[in-house]
Each structure stands twice: as structure tokens, then as C-alpha cells.
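Both complexes below contain chain A, partnered by chain B and then by chain C.
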Partner chain A sequence: MSELTVTVDGTTVAVPAGATALDAARAAGRWVPTLCFDARQAPFGACRACLVGVEGAANPLPACTTRCREGMAIDTEDPAARRVAHAVVELVLSELPRAPAPDTELAQVAQRLGVGAPRWPGETHAPADPDVRHPYLAFQHELCISCGRCVRACDELQGTFALTATGRGFHANVAAGLDEGFRASACVACGACADTCPTDAITEVSLLP
Partner chain B sequence: MTEPTITTTCGYCGVGCRLEAHPRDGAIASISPALDGPANLGHTCLKGRFAHRFARHRERLTAPLIRDGRGGPARAAGWDEAVERIVAELGRIRAAHGPDAIAGLASSRATNEDCYAMQRMMRAVIGTNNIDNCSRVCHSPTSFALRKALGLSGATGSFADFDHAGATILIGANPTEGHPVVGARIKQATLRGMRLVTIDPRRIELADYGVLHLAPRPGANAAVMLGIAHVLERDGFVDREFVSARTEGFDALLELLPSYTPEAVEAISGVPAADLERAAHIYGAAENACISWGLGVTEHKYGSEVVQLICDVALMTGKIGRPGSALLPLRGQNNVQGSSDMGALPDTYTAYRSVADEQVARSFEAAWGVPLSRTKGYTIPQMFDAAVAGELKAMYIFGEDVAQTDPNTAHVVHALESLDFLVCQDIFETETTKYADVILPASSFLEKSGTFTNAERRVQLVAPALDPPGEARTDFEIIKVVSAALGHELPWSTPADAMDEIAALTPDWAGISHARLGRHGLQWPVAPDGTDAPILYEREFAREGGRAHFAALPYKAPGDAADEEFPLILVTGRRLQHYNAGTMTRRTGNVELVDADVLEIHPDDAARLWISDGDRISVRSRVGRIELPAHVTDRIERGHVFTTFHFPETRTNLLVGASADVNTSCPEYKVVAVDVRPIGEQPARVPALA
Partner chain C sequence: MSRNLVELVRRHHALAAPSALDVLKEAVEQRGEVTDEDRREAARRSGLPEAAVYGVSTFYDDLLQPRGARHVRVCTGTACFAATGGAHVEELRAATGLELGERAADGSTSLAETVCLGFCHSAPALRVTGSELDVVDAGPGAVARVLADACVAAAEPDWSSTLPEPVLTRPGDWSGLRRVLEEEISPEALLEAVTAAEIRGRGGAGFPAGVKWGFARAAAGEQKFIVANGDEGDPGSYIDKYLMERNPALLLEGMALAGYAVGAAHGFVLVRSEYPRSKPALEAAAEAARAAGWLGERFDVTIVEGAGSYVVGEETALLACLEGLRGTVSARPPFPAQEGLYGRPTVVNNVETLCNVPFVAARGADAYRALSPDSDTAGSKLVCFNERFARPGVYEVPFGVSMRWLCEQLAGGLRDGRSIKGVQIGGPLGGILPAERLDAAFDFDALAAEGCMLGHGGILAFDDATSMRDVARHLLRFGAHESCGKCFPCRIGLRRAHAMFAGEQPVSRERLEQLLETLELGSLCAHGGGMPAPIRSLLRWWPDELGLSA
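And then the complex of A and B:
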């Protein structure tokens, strides 16, 4: 396979043709914040947390969906990109009724970006009891950030298509089947959704707080 | 405080998923997939990920048990007493009746090192080749046929070949339930455009993702494969160059094929001639294609012959030995490949080398320092026959519940009752341990180190995340202690040392060591420099002369057939939520999802028999009778019924008779003529209307 040479924060790396700016950054050992990205799934490019500066581009570009070109220069710490990532994560957090558990991906990205308590005290999702109708898989709908990773894991990794994105805007969430819970849906309990969820909106019953 | 995460290999099916186990306070808090697992690519199923609670179940055996009188209660005992009892009884029986009056079973759920230790103990200290493992009752026909046709007893490629194949024939396997992570991988391949042909009496889930489903009568697989070969030859799909350069025996197959026209095969199998032609064209026209199969092929009277015919189809089209063209048997249990590779078989040492091979036997004699028998031992069914006949006096059964899983249960129980002495080594009491004189408390896969070999021949490390509960010990330790007490020290302190001995004595494993296996394992054969073999037979086959061998084997009728008294054909299989005898999964949350075996029956048959969904029904075969609830579904064809054997209260295998594969004695679990009726109805049939 042919290779491309790109630079990431001044370091030169070789990547295979077809690699993304995120692949290149990771190959160079540089961190790029991500929320909707999972290496097991096709890049989605929805959350805009992974913006990077690219030499010659007018605005920051999403690293997960931007393909490398020969000689491309990537700046993972582009100030505009970082400002946007910070705002994205802060906005996402502002909708949650409580801070996500410290071991979740969202909490870790927020910590690394230095995002503290959100400055926008608007409406948050209403806290609810977890949906534990299934012996293993639980929903905590109020923690859903609509990244779509669970739906794509069910489609692209498992192939069961049991999960669906529901609602719009602030009310966007996820449902199993016709919002009937995991057990009554087509779910085969592979757990790929819980594994990929960055907030524990889907988690294991035995790991609920 | 977070405890360290342990990367290990799943102890459920033969896919070999790499797992990250997260222990907390002496139990498993959670299990997640290893993102770099080569077989699972960051995925798992509900068994591997969630069904781990059995490891700390209150029914775990935590101390040795001794039964002082047959049928009496078992009492807890110390290890010393239990081992002394074993030594005294086996010593007495060996002295009175000779070494061949004792037999052992190794466990296909245990590690390679455990199984190697077990066969060494039986051979070196007892002095018998009476050692077998449960691959006898699942894929022994696959092993036999692949060795005969191609040379080595293993898949010719890897699961990755599904990703590169243009088409796949899946026959007699239901991967979305039995091998869920491979099932998901096949699904994804079909969604990307792979043309899947499913062949099974039941309309399995993957049939909905394929382009064609064939539903042959149970026992008609040979006719179907011969029909496909007929059409491939007739319509110009034979790779003449490959056949002449790399194979032998094609002419004999050519002589056989004219009788297997699609119309003739339709008459035998019930598969419409046009569908058969289409299946052959889909396979033949793909540049690369795989054939994958499971127990629906092997567990038949002529199962080993059907696997040879599958090899014929791949060989005549040259679809073997390159990426995307592979023969991929789906091995059942986590280490059913490895337990056989390790020589836990009555006729072979490691890597399937005959016990009668003088040079091989001498190499083991030199290493172990004892004389070894050149005579083949008993297979599992032969062990039970010999026990009933009074020739076999003692058994040491390690990690297998023969009284629930083996066919002809009444005969198995009779055999166990006939023994003078039975040792069981297990993690729970089972149907089999009811007959044991000594029960040794052993370890689950979450508590041991060693290696498992998956269905791709990939040897992968197993690492302990928990300690064995109570006085339970690892199987490796137990076998070491018992062997030493019997008079033969196994000279290893860890399983890694045992692997070094295996590598030293087994050319195909020469390059394997625990240190070298790392996170991703190695696919045997592994050269001394560590080069492994994701694809076999790229240049030559592993037979003398390097050529593959075509089998010219006609279709023959199965061992059982429907008749007036037993008008339906029962097929047994598995469900996603449970695993084999259910000893593990029945002790997890999986029982909340599925809590009983049910009999699947077609709506037309159900209506005719006045059976409604959920009714409790009686199922009677020529050898036994069971009761269970009915599930009315059109997943199954008319004339066939289906059930599982996950629950001991059902005892499905009471129904299965003694019919078995002609070459390997693998039982014919998949064709059992039965009579089904609502409970309470008299067994006499209503007279036929004039």
C-alpha cells in the first residue's frame, strides 16, 4: 500500500493512503479530543470535538473525516480548533443533570481540555431511574449526548439494528426497538453499545452507581 | 482503588475472543472486549461479556468431595485424603486388571497445558492410551476428513477470510447463536456485498442476510455437496490447472458425479434443483469464496464423508490457500481444537501423530523416561461400551458432563454405574458427578493461566483474573499433584514450562512459547523462528507428495429415518443465551433471558398434532422419552423439530441413539426420528382414516 508523508505538530510521520488526520495524529503520538469517534466504526464527523488546524485551510477541519494529503501539515493545538472543542464539550455537559462518572470518555475528554462546570446553567435532561428491564444492559437516558456511537455499534459491529436515534434537538436520545427497552427489542445483548458509550447512558446493570 | 485489568481469552466458544477482565474485590466486576483481539476485533457476545457470574456462584465446588458408598451422599474431604483414595483405587484396579482397565477424558474447556498434562498422566503413569476428549462428539469428523484430504487438522484460513470472500457457503452451522462474534462478522460481510448461501434444515437468522437458503432434509448433506460439485463440473467452474498441479483422485470423483444431477439431488434432499444450481453458480463464480460448517455437518452417520466432499468442492474450484478462499470449520468449545492438538486422543500424540509411529513414540519415551503403549485406546463411546461389558473399571473425567451431553444417556449412566471407581474434576456438581467416588474442585478459565487454541488454529494466552474459590485448585496443579502421587512427577512449575515441552516434542509447535504468543497469539504450524501460518497450503498440501486428495464418496442414507411410529425428525442445536450443557450460563443472568429448552415445531405439524405454542409435550424416540414446552415457529421446516440440550431437567440426549459417524464414532445427534404429542395423550396412535 502506498504511503503518504504528513507532519503533525512539526513531526513527520508516514501513513497509509486513505488515512485520516486523526490516524496521522495518533501515529505521531499526539492527542486529539474525540467524542463521536470509535475506531471500530466508520468515521462519523458529527461532534466537532476533533477539529485540527490544517495548513492552507481557512477553518479548522474535523480530524476523523479529513483524509491526509501528501505533505499536509496538521496542527493539533490550533487555538481556534481548541476553542471550538472546548465549547462543544462544555455545551454537551451543560445538558446533563449531573457530571458524567470520572471513568467515562466524556469526563476524561473534559478533564484533559480543562472544561470545568458549564457556564450555561440552562435546562438539563430530567433525571430518571435507570431502565433496568434487561438483566445486563441499562439505559440512563438523561446522560445521552446523541453521539450515535451505540446505534452505529449495533449496526456496524453487531449487525442487529436494535437501537434507534429518537427525538430532535434537546430531546434527541436513543431507544431500543420501538422504545420498549432492550429486552423486548431485537437486542442480542452483545454489549457493544455499552462498550462504546462515552457517558454511560448505556451501561451494565451491575455497574450502575 | 482500581485493580489491574487482565487480558485473557474467552472460555466460551471456539471463536477465541480476547477479553479484558476487570476484577474487583475477588470477583469480576465487568468484562470488555480487547480492541486488538484478532478474532473479535473489539467485539464480544453476551456469553463472553456478561456471563461471568458463574465463577463466583454459591454452587462452585470449593473442597474435594468423597462418596463412601455408591449412591450415598458426598462428604467434604481434604486434598490429601482425596488424592490418597485416587492412588489406592487406581493402583488396585491397575494391578488387578491392567492399565487398559482405566480411562481418562481431558476437557475441551481447559487449556492446552491442562490437556497435555492429562494425556501425559494417562500415558506415562497409568500406561494406557485410553484418553479422549469431547471433540469426539463434535468435530472429530472434521479433523479426520481434513487430515485425509489436505493434511492438517484445522481451518485452512482465518475468520479474516470472510472479509475478503466474494461468496460463502455456510452449511450446518448457526453462528449468530453458536459463534456470535463470527456470526456478526459474517453479517457485516454480507452487508458489504458478500453473497451468502446458507444450508440448514432450519431457517437460521443468517438466512435473512444471505442471497439463498437451502433447507435439505437432515442427513442429506452429502447429496447436496455432490449436487453442487456436479453443477460446478457441468457448467465449467473447475480450475483444471489447480486440479492437475496440486491434487490427486479427481477422476474418481468425476465418475461419481453424473448420478448427482440437480433433479436426482432434489429427490434425495428436497432442495429444489434450481436452487442447487444457483448455489453452485454463486460459489463457482466468486473469485474467492469460503465454505464454513458446524455440527450440522459432522454429527451424522456419514459426517466425516461430508467434510471430505466439502473439501472436494473447494479443491475442484481451486478455492483454497489464499486470502478469501478458505475452509473454516466452526469449532464448538473454546479449546476443542487445542485439546485434540495436544494428543488427548486415543490414537495420537501431539499434532495428530500416531501412537503406533515408532519414531514419535520413542521421542516421548525419551522425554518422559517411561515405556509407552503402541496400542490405540478407547474412544469415548467405546469407553462406555467397555464399562458396561465390565472391561473398563475406572474413569477419570476432567471437565466434561457426559451424562448430560453424550448421546444415549441411559447407556452412559449404565456405564458410569458399572465402573468400580470414578473420579470427576469439575467446577460444579453435574449429572456425571452424581456417579463419582471422588470429586475434585477445579478452576474456571477466569482462574487459570495457559493457552486456548481457537477455530483458526490460533494459540492465545489465558491469564488468571481471580483465584480459585476455597480449596479449589487450578486443573494444572491438580493433575500435577495426582500424577506425582501416582508415581510420575510432571516436571513443570508453570504452564509456560509445559508449553516449552510441547514445543520441543512437536515440530508444528516448535516456535510457540508463552513469551512469544504476546497479545495476538500465533496460528500453528509455527516455525522455530516464530513465523506462523494464517493461511495453510499456499504452495503445497501437508500430505505425502504435497497433493490434496479428492474423495469419491456416494450419498448414503442416515442412520435413522422417519416412519409411521416416529414420523418427525429431531435436530438438536444451541441457543445464543446458553452454552452446551449450560453448567456455566445457567448460573448467570442468561437464565433470565432463556430459562428452558423448548421444542420448535412447524405450525402445520403443530396444528395436525393439536399442539399450541407453550404446550407441554412429550417427545419419544426409539431409545428414550422427554417432556418439554413446544414453540410453534416457521423457522423449522415441516416434518422436522428442533431443540437444545442446555438444561439438565430436559435431558434431551436421552432421545439420541447409538448411531455414529462411520470413521470417528461422532454421534448422530442431528437425525433422530421422534414421535411428538401433547402430554396426556395415549402413546397408541389414532388409526389412519381409510
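And then the complex of A and C:
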């Protein structure tokens, strides 16, 4: 396979043809915040936390869906990109009725970016009791940030298609089957959705707080 | 978009299965709502997994609004807002006792919001449907007539051309395709002519059509598609409505020529469900074209109706809607020219863009480029005006004329002695030009220099009585409602931006601008990326009206 040479924050790295800017940043050992990305799944480009500066581009570009070109220069700490990433994580936290657990990916990304009190507070998802109709898997819909990782895990990794994105705009969320819980859906309890969820909106019943 | 679902849909489509969206639409038409039994039936007939069908059923406005025996859809588009300030919606709510999206307990009446019905020349507009009834009433008194059960079908807008030789308002006569076939012009030569003609996309982005066609032609694969984007969702615009309903043969000819140049044997038109007359008009024109031998074995078309979503006008969301899936935006690459409808190379062009092609085929690139003598932009453009103007309607104009000439001479200025406060050009993602800047030229670059855009060509005046804070609130409410929910900045950011203007509280200019930057730089598509443009105009020209704090 042919290789491309790119630089990330001044460090030169070789990446295979077809690699993304995120692949290159990770190959160079640089951190780029991500929320909707899971290396086992096709890039989705939804969260926009992974913006990076690219030499010659007028505006920051999403690292996960931007393919590397020979000689491309990537700046993972581009000030505008970081401002947007910070704002995105702040917005996401502002839609949750309670803070995500400290061990979740979202909480860790927020901590690393130093995200504090929301500048744009407002309506949150409605708090609800966890949906524990399934013996192993639980929904906490109010923690869903619509990153699509669970839906793609069920589609791309498990091939079961038991999950879907639901709603539109601010009211987007996820559901199993016809939204009657995991048990009444095609779910085979593989756990791939709970494994990838960055907020514990889907988690194991035994791990519920 | 899930490649697995798209492949699943492709295989079922090849076996003539209906799309899940078609089955769900049918259920709403027949029973006024979607039930779980309808969803299971849609899954069975379309081959989509039940969960995916559930996702579709919770996405589109048409599937979410319950319908009574008499279903009243009130237009909350920007032209209707500019006409009444929203009073027509309040009047309906008060008189029916129903909220938007609510059906009376006895099932007699239901009220729903729609954006927009394309009767912007005669606002406010309402559509009433029931057994053997489907009428759009518009203009002064429309609400009272609808409430009295005495609605009257509104007149369609007038249209005319200011060009010595019309291109887009000339009835389609298949002369372009006739010439190509009779003179045995090769697909390569036609593509070359379209590229040389420099037809820029008329849907908003202005991308050169010839370049797009070239990508699709060069893409690997036997099966390719032409898709006409007839989801003219921009409130205030009724240009594609005019083309699809009153000049449908011109569009079909443009699609057939695109198919010939690109190597595609089939095309689809995605029309908005808000334009109920468009699909029948296009189907009748297609039937006539088949009878005359213009459509058929070489190239044929299918007309598909959407289900209520503004963002479906974005090309990847449009393809998802055609496949009967949730109309959400997908990151590019892959571009539709490589991997589009059913995963096949696809040209997605706006309706008006395709309507330019027959002239180029019949008369050549040089004649086309000469149509706008005062501009470097080739071809002509359709514009339309809202009912605040004295002579609203659809006009074919050259590029490069001044906005002042368009607004004051062509459309006659505002009626009832009103004066223009500002005009929003090219839809809700376009900037607002204040009256004192009307000398700007109507052209891509000149309008961009004013923080505006040509967009799709709708010209919508706000008169001197308009509160610009209300305009901000109106536009951001629309933006938040129509966000597809895919990317985080748009999904949450537009909601927050609307909340900042929702009440009467002061708006922190600093926080607003930080939010606008997040939307502009972070959004996945032009919806979230473009909604800040009119807000930037308001901040620039009418800051004192917005109730700003530091």
C-alpha cells in the first residue's frame, strides 16, 4: 500500500493512503478530542469536536472525515478549532440533566479541555428512570448525545440493526426496535452498544448508579 | 449514512419494493397517523429493519402531525411572517383552541405548521385537506375563510421574463435533446458544452454543473443516476414550484440531457410534499414525453414526494429521503458523484440548474454565456418576490442588475406606501441587505461582499414596521426546528441561539457571537453553517433593535 507523508504539529509521520487527519494525529501521538468517533466504525463526522487546522484551508476541518494528502500540515491546536471543540463539548454537557459519570468518555474529554459552566444554558433532556426492561442492557435516554455510536455498532459490528436514531434536532435520541426497549427488539444482547457509548446512555444494568 | 442500510434498500428497490417512507406516508393519508402496526407493515414491505422504520417515522413532519377529518396546515414561513408578524398563527390557535401539531379530541379538526407552501406572493397561506378537499387559500382574509369553512383556492403567481430570449420561462419543447440526437452530438461533447457554459448550481452553493457531471461520468460503475433536487425548502422561494408545475417538460429535458452526458439511464425528482401539485404535473409531463418518445428506454424518470423536512434539500439528506431513510446529512467524502443514490454514482442538481441545460444543448455555450451582458456569471436567473411587494411573482432576469432595480422597478417597490427595511435574499441562510445597500448587484460575488448570498433567488422584503428582534427569533426558531439533529453544533447550538432571543431578556452580544462562530465553523452542512448569516446582518445593521447587552 502506498504511503503519504504528512506533518502533525511539526512532526513528520507516514500514513497509508486513505488515512484521515485523525489517523495521522494519532500516529504522531497527538491528542484530538472526539465524541462520535470509534475506530471500529466508519467515520461519522457528527460531533465536530475533532476539528483541526490544515495548512491552506480557510477554516478548521473535522479530522475524522478529512483524508490526508501528501505533504499536508495539520495543527491539532489551531486556536479556532479548539474554541469550537470547547464550545461543542460545553453545548453537549448543557443538554444533559445531570453530569455524566467521571469515568465516561464525555466526562474525560470535557475535563481535558477544561470545560466549565455552560455559557448557553437552557432546556435539557427530560430526566427519567432508567429503562431496565432488558435483563442486561439499560437505557438512560436523558444522557444520550446522539453520537450514533450505538446505532453504528449494532449495524456495522453486530449486523443486527436493532437500534435507530430517533426524532430530529434537539430532540434526537436513540431507540431499540419500535422503542419498546431492548427486549422487544431484535437485540441479541451482544453489548457492543454499551461498550461504545461515551456517556452511559446505554449501559449494563449491573453498572447503573 | 449506513452503507448496509443503503445496500438493503437498493436490493429491495430492485425488486420493486416500496420505500419505508412511502408506506408510512400512505398510512398517514389513510388513517391520519402512524401506528406501530403501520411501522411493522412498512418494515415488512420495504425490507428495512423495524428499528430503522421507527427512526424514519419520528423524523418527518408529515408523519408526526396527527390529522383530523379536516387538517389545517398553516404556513409559518418567512413571507407569511413578514406579512403578519405571526398574527395569523395566533388567530388560528385562538379560534380553534388547538396548538400546532394538535388534533381535536373528536377528530374533527387538526392544526399543523408547515414551512412553506410557496404562496409567498399572497401571504398568509393555509392548506386545508379533508375528504375530497385539498386547497391552499392565501392572502388577506384567508384565516377567516378557513375558519368559516369557506376557503378559496389562491391564484398561482404571475411570471415573466425580462430577457429578449427567455431560457427558463420558455416552455420546454425538447429542442435541446432533439438537436443532440439528430446531430449525433456525443455525450463527451455535450459535457464539454455544459462545462464551457459555466452553469453554476442554482440551489445555493453555485457549484459548476459541468464539473459535477464530469465527476459522475468518470466514476466507476455501470449504473448511475440523475437526481433533481425539487425540495425547494427556502421560505420565501417559489421558483422551483413554478418550474415543476408550470414548465415541467423543461426540467425533464434537462434531466434527460444530464443522463445522456453522464451515462445514466434513470433519474429521480424529489419534490416537496408542501407542493402537492408538483408531482402530478411532473408525472403528466413525463407521460406525455414517453408518448412522444423523449423518455423511455434511453432515459426515464421517477417522481418521489418528500415528507416535510427543510434539511432534505441538502444533497446527502435528499438521497437518504429518496431511499426512504431518515433525512439526515452525511459527511462527505464520499460525494454523491462517487457514491450516491443506492450507493451508485449520482448527479444531484437543483431543479433550476437542470432547466438551464436544454438551452445550452440547443444553442451552445457561447449563446448561454452571453445572456447576462453586465456580469461574468453565465445564463439567467429566476427570482421571486414576497407579497410585501407591489408586483410579486416569478421573473427571469440577467445576473448583474442592481438589487434596487429588481426591488423598485421590476417588483414595483412595496405596496400600501410601505418602505423596505431590509431584504433577505436566497432563503433563510442568506444575509439581509438593508434598504440603503440596495445598489449592490444581483450576482454571486457582489452579494457575498455584502454578507449576503444569491442563494436560490428568493427576494423577501421586511417592511418598515418589522421588528428585527422578531426577525431573529423567527429565523432561529425555524433553524432549530429544522435541524436534522446529526451534528452537535447545529442540533444544540440553534436551540440555544433561539432561546437567547425567545423572551424579552437582553442578549449577550459576546456569547451570541461565540455561538455563531461555533455554528459557522463547526456545522456539518450549510444549515447550521448558514443560519448565522442573517443574524450577522441583523447585528451589523440593526444592533439597536436586538436588545443586546455586552
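General remarks:
Going forward, the second predicted complex is superposed on the first by the 209 of 209 C-alpha atoms of A that agree within 3 Å, B and C clash if a C-alpha of one lies under 4 Å from a C-alpha of the other, contacts with A are read in each partner's own complex, and residues count from 1 in each chain.
In this section, a contact is a pair of C-beta atoms (placed from the backbone, for glycine too) under 8 Å apart; a residue touches a chain by one contact, two chains touch by 3 or more.
As the structure is a computational prediction, the values presented were derived from the model and not from experiment.
Annotation: superposed three-chain arrangement on chain A; chain B versus chain C shows no clash, the two fitting side by side.
By the touch criterion stated above, A:A39 is placed in contact with chain B alone, chain C being left untouched. Judged by the touch definition given at the top, the superposed model places A:T76 against neither chain B nor chain C. Of the two partner chains placed around the shared chain by superposition, chain B is the only one that A:V188 touches, whereas chain C remains out of contact.
If you count the residues of chain A touched by chain B and by chain C, you find the higher number for C. By the touch criterion defined above, A:W120 lies against chain C but remains apart from chain B after alignment on the C-alpha atoms of chain A. Applying the stated contact rule after C-alpha superposition, one finds that A:E156 touches each of chain B and chain C. Superposing both complexes on chain A places the Cα centres of chain B and chain C at an angle of 120° as seen from the Cα centre of chain A, in steps of 10.
In the superposition on chain A, contact of A:P62 is made with chain C only, not with chain B. After overlaying the two complexes on the shared chain, residue contacts for A:T104 are found with neither chain B nor chain C.
With both structures placed on the common chain, the touch criterion links A:A165 to chain C but leaves chain B unconnected. In the superposition on chain A, contact is made by A:L207 with chain B only, not with chain C. Superposition on chain A leaves chain B and chain C with their closest Cα atoms 6 Å from each other.
Chain A uses residues 156, 159 to touch chain B in one structure and chain C in the other.
In the complex of the two chains, the chain A residues touching chain B come out as 39-40, 135-136, 156-159, 183, 188-192, 195, 204, 206-207.
Interface residues of chain A facing chain C in the complex, by the touch rule stated above, are 35, 42-49, 51, 59-60, 62, 65, 67, 80-81, 83-84, 87-88, 91-92, 94-95, 119-120, 122-123, 145-146, 148, 152, 155-156, 159, 161-172, 175-179, 185-186. Chain contact summary for the complex, chain B toward chain A: residues 29-30, 32-33, 35, 41-46, 49-50, 176, 180, 184, 187-188, 191, 209, 576-577, 589-590, 592-593.
Every residue of chain C that touches chain A in the complex is listed here, in rising order: 2-5, 36, 39-40, 49-55, 58-59, 309, 326, 328, 330-333, 480-489, 491-496, 499-500, 511, 514-515, 517-518, 520-524.
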